[in-house]
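Naming follows writing order (A, B, C and D), and every chain is counted from residue 1.
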Amino acid sequence: MKNTFGQSVACTLFGESHGSEIGIVIDGLAPGIDVDEDFISSQLSLRRPKGRISTARREADEYRIVSGVFEGKTTGSAICILIPNSDTKSKDYSSTRMLARPGHADYSANCKYHGFEDYRGGGHFSGRITAPLVAAGAIAISALSKKGIYIGTHIKECAGVSDVSFTNIAQDIKKLGSMEFAVLSEEKAALMQSAILDAANDGDSVGGVLETAAIGVPAGVGEPWFDSVESVLSHILFSIPGIKGVQFGLGFDFATKRGSDANDSFQMENGKVITKTNNNGGINGGITNGMPIVFSCVVKPTPTIYKTQQTVDFINGKDAEITVQGRHDPAIIHRARVVVDSVTALALCDMLSQRYGTDWLAN
Amino acid sequence: MKNTFGQSVACTLFGESHGSEIGIVIDGLAPGIDVDEDFISSQLSLRRPKGRISTARREADEYRIVSGVFEGKTTGSAICILIPNSDTKSKDYSSTRMLARPGHADYSANCKYHGFEDYRGGGHFSGRITAPLVAAGAIAISALSKKGIYIGTHIKECAGVSDVSFTNIAQDIKKLGSMEFAVLSEEKAALMQSAILDAANDGDSVGGVLETAAIGVPAGVGEPWFDSVESVLSHILFSIPGIKGVQFGLGFDFATKRGSDANDSFQMENGKVITKTNNNGGINGGITNGMPIVFSCVVKPTPTIYKTQQTVDFINGKDAEITVQGRHDPAIIHRARVVVDSVTALALCDMLSQRYGTDWLAN
Amino acid sequence: MKNTFGQSVACTLFGESHGSEIGIVIDGLAPGIDVDEDFISSQLSLRRPKGRISTARREADEYRIVSGVFEGKTTGSAICILIPNSDTKSKDYSSTRMLARPGHADYSANCKYHGFEDYRGGGHFSGRITAPLVAAGAIAISALSKKGIYIGTHIKECAGVSDVSFTNIAQDIKKLGSMEFAVLSEEKAALMQSAILDAANDGDSVGGVLETAAIGVPAGVGEPWFDSVESVLSHILFSIPGIKGVQFGLGFDFATKRGSDANDSFQMENGKVITKTNNNGGINGGITNGMPIVFSCVVKPTPTIYKTQQTVDFINGKDAEITVQGRHDPAIIHRARVVVDSVTALALCDMLSQRYGTDWLAN
Amino acid sequence: MKNTFGQSVACTLFGESHGSEIGIVIDGLAPGIDVDEDFISSQLSLRRPKGRISTARREADEYRIVSGVFEGKTTGSAICILIPNSDTKSKDYSSTRMLARPGHADYSANCKYHGFEDYRGGGHFSGRITAPLVAAGAIAISALSKKGIYIGTHIKECAGVSDVSFTNIAQDIKKLGSMEFAVLSEEKAALMQSAILDAANDGDSVGGVLETAAIGVPAGVGEPWFDSVESVLSHILFSIPGIKGVQFGLGFDFATKRGSDANDSFQMENGKVITKTNNNGGINGGITNGMPIVFSCVVKPTPTIYKTQQTVDFINGKDAEITVQGRHDPAIIHRARVVVDSVTALALCDMLSQRYGTDWLAN
């Protein structure tokens, strides 16, 4: 399905870094959901580069909703959101068109598209295409919050610095909501930003780990086997450029545990079934168990760096050197976290609408 | 799509642990692919429990191909493979039906299926349902090998013991093919098995990490965004019970790298573009770059243990204790690796058939 | 998606005329639906050839439910139903393997499958593969009836003889339910059967038109554009071999009407919105309006006839003659009607489950 | 999948009659296809209302391609085409908002969308949304023509007047290409137009039948069962507003034929297999046989008429009268034919790309 994801609630993504507009179609959202245009703007703002730890490309992200919203509410038909590209400098890229930037899609895209791809600024592969995902995700996040479902992501680790863990997830999610640099510990946030600047000063870049929690999802959502909650979430999370690993609950730390340590004991609490620990990240057998859904994603260091690198000229088939020009981010992890929240919300809307029907989100 | 995965080549899985048969339908495989029934048997044998490090349930796995194969070759129509359940002891489970086994799907399944689920032996959630995946995967693995595409998985880590890394991937894959306990280092294999037995003696279980490589996949396969190779592979990998994390290339180790260390430099080798390192696991921008596809999965410790655990009686809504009876595995990682190979092969067949057409696999 | 149809409730079909078994997987039906095995048998019996107006091939259709049903109810996981092929006479077909039977799929299948298709008895193209659709449809029909939704089909026209129209649809559906030869007028039924026998005596065959009504479907089901009720129903109806036309409401008779005659006026009746006429067959803008869904399908004359026909030997690329041997039907329309009911029920279950959620059918 | 159709080549449609823009995303077209913007304009022009036999709403249809096209060729990523709505008169509709226009989707849409639908000018249900389908179809038609595949549609019947039949299909398709009123016989065209004007003068409307042929499609395309060529084409054809019947080859005329008359004899012609007649419309067993694909669609009379009609006020639940104001078409059949060509081309691109791979259309 290439550029379309989802079954009951589906997103179709389009656009290139230097085209006139980029955008998304969200299809299948219930009719009657409030569309809060200010919230969309503020979410887009969280994704937007800012300050010295981000690229100098500055986009206003003045999105337009072209369809599917009427008198401030979703109509139930497909919503198309467009975001114009304004601050494009195409000349930056043309001279290095045949040089495969290491860590980027230039070479693999050329193998796939045979040279017809729009190569300017990463074209369809540009991280900029995540902006429409964020706009769509904002509608989904709003709708979910009306149903008592909240999502939050913090930078768990960046450039060797680790944040503190979630303590009270509901409060932590609330706190993270509008933070520009979403780290639970202020002190750790400062250390991370300083490490990012160090890398930037070296013409280099850093990566990190994002940890996400979603609360309020009812037990019984998801499928055994192919459409497990893990399958569906990882599918859309791995769609975000730069994400190279996804783990649920303890994730790779399960490798060193024994079953007796890893299993989450069930217990009754106020007439409700909960688990004592949440090592499985709220998912058993691919299906939610009512506990917070917890997962983390690793974001690789931004591949664009200012150091000279070995590469090939893939058009002429010979070795070459590349010194990348243009405007780039020494870190994208702080911008990526709102993308993670957004795609999580979209995937949850899809799973919930499949389970409870197409009107559920608005009821 | 629940129990169906794939677009050009799609699998539909069915069955319960204690039903008469379990099975799979594989649809969309090219006509004219050789079906090697002995190879299917030998792959099923690799998945089958054996020795003291596995459950005492012993199944013959005498599969039958019901459709889609004629005179030893695929016809191009849907292939149904059935595997009878013979060694079922349903009485083992009935008395604990209302007790949620920690780490299992009993409670979440009950929330989803409202008590109508077949609870015997884990029902549709049983690891036993991976047997049809292995049978189907065997046909896919055979077909891919004719096209020069090979897949292999080793136990990278188990119970605190780490295997050596891949050195010569092509040779390593060959070596791993028929190993009962797929570890590259014999010495490490012995240590792992001993650690599994230790856990078994304690009535406990262990997990681990599987690392997989696929070679020979042409550059240019996969999609940007929603159907990235990472998205598609992780989707099906997370369908395997017990897998809680998937990472490509360096995976979570990217978190501590800088871009200059993480980027894979391109270079020419014998007129072909390769990368010097393969930190991205053969995938750039969601699309293969011609290097080996490398990923790893964490397998959580088998949730069934012989120790008494706290839990709830979810039918009567009260706290309870559970001491699981029945036959179980102290580790499943050595059995899971053939499942990982199988689903990888099925997903690759799908992506390749989408790209090159429905006849490609047989040409 | 080839052999899979549906989104929330999906069917996957497999099997060949002379394989060991044919079957279907139905995925996504709500947990807790009663599975009435006698009703499945009686529906299969309606499809089964009988008497002198049908093929001499007699199959017991002793189906087995392999998965997804537990203690007489659906579990919510995938249901696999198998039907053995017992009365196969493969030798009938081998000598004419290279001769394209006019009106059949032999030649087009050979172009698609390059000679690897199972050619015996029509292989995967055999009308026999509709038996699993009927078995699956029986479960769907039962489930719908619990929700007040009923489906019925009569032979509107056969061999130049027309049946009377629906008068009281609810009563007519009830009456048609168990009829072997589903014609509303007994007199017309006799004329049709006599015309079929005439054709049979000439070594020839006849076609006809089936008209179907579904009552009780709530208003507001379906989608504008691509998943209109007409789109979804026609998609599955055209999957039935021999169906070459589908029309809703007045269908092709709309061509000669003016808008003022064709439009269905709305009116209130007992506080409910109805239409005075039902020219649109219960569907406006692709969405149900609460009136009976009414459509008709044309079934072409069975292509297998006993007369000698001109054809080609497509393996050797030369003109040839064919005189078909074997057992065949002079008409299939009376057998096809239960297939039409079945696929209609399956498609409705899918559309209703998408709209109201996966539990709705059982509530 | 609601507003998305297709697997390898997929279209996502969005927009409302009185929104700022309507549009489509076409995903999966091969990279390197020439995009002829003039041809897109001329196809849009064929759909556009003109003269006295069409609505007075006049739209410039100045489309913009927002993504997926670079330097005049498809890039291989998703193509978004936008068409602004300029000539909207929203005040025409607001006063009759609660009155269900007979034959329209107002009432059924209200049942589905609970009043949140954009009701102005038919909203998402407006025939205007076919404009983006035509723009997308134009790219598909161009691409197919480079592969020797041509599609043409004529008005076979309108207001009781019948056109002559196809004689030389290749020449007829060529001739029909740019005709404003696509009738093979000039004389019949004049009679039809006169009959449409008669209806218009009466404040009424007419319907008709469109007949389509596609030549050059290789034998062996399509699937048995659920994705038969008939299933896929009818699915998208029934998505066009006003189409209430689809038939292939002889269609409903099969009902009165015997097998010996209906079967298409095969014969060799210049070393190629052809059929003597083409009663099956180029499709056997759901799969193309290399003969022209021939089908026809009935278009119901435009539901909007100027006569006063009985209806209901569905908000207040009472009987009412409606006299529709605004600008409307006494016939849409001459405009619909380019929509039929367009969706046929899109569906063929999808089926061909599935079969031969994603690059085939551009090779």
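What we mean here is this: a contact is a pair of C-beta atoms (placed from the backbone, for glycine too) under 8 Å apart; a residue touches a chain by one contact, two chains touch by 3 or more.
This structure is a prediction, so every number in the text was calculated from the model and none was measured.
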Most distant chain from chain D by Cα centroid: B
Where chain B and chain D are represented by their mean Cα positions, the distance between them in whole Å: 45
Approximate Å spacing (C-alpha centroids) for the pair chain B, chain C: 38
Chain A and chain B: spacing of chain centres that average the CA atoms, whole Å: 26
Chain C, residues touching no fewer than two other chains: 1-4, 7, 13, 77, 112, 124, 224, 359
Overall pattern in which the protein chains touch one another (line/ring/star/complete/other): complete
Chain A-touching residues of chain D, taken from the complex the two chains share: 1-4, 7, 10, 12-16, 19-23, 25, 27-28, 31-32, 64, 66-68, 70, 73-80, 82, 112-114, 116-118, 123-124, 359
List of chain B residues in touch with chain A within their complex: 1-5, 7, 11, 13, 100, 102-109, 111-112, 124-125, 129, 157-160, 199, 202, 204-209, 218-228, 230-232, 234-236, 238-239, 241, 243-252, 254-268, 271, 273, 275-276, 280-281, 283-290, 298-305, 307, 309-312, 314, 317-319
Of all residues in chain A, those that touch chain C in their complex: 7-8, 77, 224, 354-360
